[in-house]
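Sharing a structure below in structure tokens format, with a few things to ask.
Read from first to last, the chains carry the letters A, B and C; within each, the first residue is number 1.
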């Protein structure tokens, strides 16, 4: 065997980044099964269709335009916007540590591309069961190809959030990924209005998810994927850092389950599996901004609070009649804001200046995403329309948009 | 790139241990789907709830108390008991090979923590469809936080089973993990009694699992996870040893399928998928104690016998009216005892002295777990009660303990 | 820590090959769920049974005979056939880079063994819902133990396809794996004839899959597994090569979804999730032969065309009344031929001579597999019969061959 010692560590680092990529890929299956499980069976094909097509579009659009918008490189980056041109162009030494100590150019691209589709997928859950397929895919393309990468550049591409005196900190994307999706989800759910029959003069009607095992599978797969999402965000296989991130991530998830269990039990005197599942996700979203900065105890607190907040969030959004079938806004927006703030409160970066920077980041990203999502959805609403008609919604999107049933062999309850 | 050659191998070893951790994590999803699939749909939410909360509690309690009970370190370890204090405390050099040639302190913790919840999850299957949620969670906390780590210390923490003249050998936990769960399962199923209507004067009534695809998914996920469970138990990425463990583990699983297929076909003249699935698991449990010690042929024999034993086990426990809805006792206790004994019969350690040591380990662990599980369950039974009332059991735990259905859209057969 | 620099890279390479092995293992779960999801619920247990037993048999038979048929080594290899004897025999230095710079002997075996069962699993989909269990398992054993390894040897074991003047090129097995399965699928579906009621004088009757979420889970798991299938075929953790293969593989899958979406929408004015799912698979099968040779743009074209071809394929085979319930022939045979040809048209090897060599490979493998599969199925048909009787087919195989239902709690639609 020839001796290539100098490349060994590079090979290990790159290997971890590639494996982390495959774990983040699994999150797309996690989102698909979670969302399908938490909605009604008459819309299941529609949800599967969206959640299969969005990653496909996300990967392709990120290759064509997104990657070079988000990471334009020093020559092209501004404070708010930069673009290095269409398509992927291999730089010199792309496959050696000359490109990066942790990974090759292609690994860089594919790891980042896996993140990109997440934003649109988060929106998908909140608008489920009544959004028109064509317009939603249009929204997704625009949101994934342009809005997500532009915001991402502000921090990870070297933009203005990274050059604040006390830089805004968002390790793996509580704000840059999850709240970007969360804002789109809020705007979409608001502009669409609630599902028919959800809020009536007699009160709120429960519209329970049709397949809770599938929802549970989804949450476990997301938890699994988060080891790659947060662990890969170390951008190398650094043993101390990645293993620490594993522990903080995992304990926050576990604590999120317990936080949601306690609050939902106290509020509803009931063991609600959907709250526990969303509590896990809120714990994960919450730890994401500071997974490398937190201690064991910090992580547990962040998770417990995240899990508790998700229960309050679900109740609150129902109170103001924002109909979010899967709880995506509570998990990704509330959880994302909480996690981003937590970086200023707990862990190695805690401090007043950091809190201010975190607020600036939350606000700037929120404003831009809210306005962008609003413009896209509003223009679509006023032109092609974004909501299926009443008959279609009542009968289900599967039979009307897809001429298919998800479970044609089984008799339904009504 | 700077040259850090001395840390290269450490980084690879640690990477494997972290990835193995994520694979063991997937086993919790495997258990959840297997157990839900093999039981009736009226209890599905309950099972998902248990199997989501138990890993969450397991991870947290292992951080708070379990890890330091199981691995107290030389200063605190006794022959039977040791404790290094509450919480996690980073030792000097925790993130370098000064801590361990194979992994960091945090990797050590999280890999071990993933194992811990397994024991309670195994019990969960045997007591399914009639155990009260609150008492079962109480049992789980006690079993995972105290019983499992104390037993684990006897061998892996340097206790008396490790210091026998011919040390008891249990590579990845046929006894230390699986039979610990199996004894709890046996005690739980015995103290609860069989499900209503299971054993009647007219004979045994089949209560078939409601979702066999989900059970199959569970077994494949467990098989996948076992590559991390056994492969990670090498405690480094040693190429020869880990790849050997992969081969022995995988062939034993395959042979377990064939063993169960043949015996169940001969006994019942039927191609029974649930027997094949449990045969795979029994093969895996069986190889676990000696996965690093066995040759190719040994592994196949161990798997075939394990798969055959599971069929006889299921029949036997039904005969003595121990009602185990998923076959957990046959898989984890019978399989675990078989695998532990097999270390004395096959492979590099085979010999009479080893058989004696294996019997000592099986007996000591069995006695302690049986008594502990009995005490916990018995006290719970005599105080708060461990079994739901008759109406609740007949209607299903989902509607009574959770006010939810797992599949609210589908019509049931009766 | 002792210094073992010379072994570091070997340990990393071997680690990647082991992890890739586990990913290919997951493909067996992917096939099981995809095939079960795309067929009717009355045959689900049967499909799960086949797809659990086949990998078990495949692993064992590959250990006993297949590995030494496919990789007989220089001493035993001929142009068309070679055999190094029964069982596995550890060579000197099997666990060091003396055996191979990328992996140990056991890693080599287990990675290759995971591929072997694939061929029979592909056939399984095409013959679903009417094939007799016993004869199909007989076919599988023969096909996996002999036909697949013999064909594999022609290229990967150093046989005549590898020694053509311009060697036939098949990076990870568009021909050597997927079309081997595809030819068996074609022969099986042809000799069995269509399912009762599929093609009537009034036209073709749709027989929709009973569980589209499960089919979607299957495709995502296959996509996940393909990172190991193609990425592992690099046979080391080479950062540049593996990351390139990740990108080409992933973009071809995404493009396959889009290709199938566009063509199926134009043809049927419908958003057909099953076409999109098969489009992803066809993109993956298509890129497999040249995943290491293609650029970003090439991969997208190969995927789009693969996705489009699968729609035409499904229509074509229905027109000629070859009843393939899951579209396996279109995905694996049409996609496999396309991908193999594409190596001559796109990427680094493109050229007329290469096209000729690719055609030779496609033809030689096709001829041998077609004839072998025909002989096996034909003899079985004329002796024990390969098709269940009419009553059994109409009632379902589950109740007749397994005395079980996959979902006993749920009421069916009719």
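Here are some notes:
By definition in this document, contacts are C-beta pairs under 8 Å (C-beta built on N, C-alpha and C of every residue); 3 or more make two chains touch, one makes a residue touch a chain.
The chain list, named the UniProt way, goes like this: A, B, C = Ammonium transporter.
Since this is a predicted model, take the numbers as computed values, not measurements.
Between the contact lists of chain A (Ammonium transporter) and chain B (Ammonium transporter), the overlap consists of C.
Note: Cα superposition of chain A (Ammonium transporter) onto chain C (Ammonium transporter), rotation of 120 degrees, nearest 5.
Under half of the residue numbers found at the chain B (Ammonium transporter) and chain C (Ammonium transporter) interface occur in both copies, marking it as a different-residue contact. Here the CA centre of chain B (Ammonium transporter) is 33 Å from the CA centre of chain C (Ammonium transporter). Residues of chain C (Ammonium transporter) in contact with two or more other chains: 5, 8, 10, 12, 15, 19, 211, 217, 407, 410-411.
Residue ranges of chain C (Ammonium transporter) in contact with chain A (Ammonium transporter), taken from their complex: 5-6, 8-10, 12-13, 15-16, 19, 23, 40-42, 97, 101, 208-213, 216-217, 219-221, 223-224, 227, 231, 237-244, 246-247, 250-251, 253-255, 257-258, 261, 270-274, 276-277, 280, 296-297, 300, 407, 410-413. If you check the complex, the residues on chain A (Ammonium transporter) that touch chain C (Ammonium transporter) are 1, 3-5, 7-8, 10-12, 14-15, 18-19, 21-22, 25-26, 28-29, 32-33, 36, 44-45, 48-49, 52-53, 55-57, 59-60, 63, 87-88, 94-96, 103-107, 109-110, 113, 133, 211, 214, 217, 401-411.
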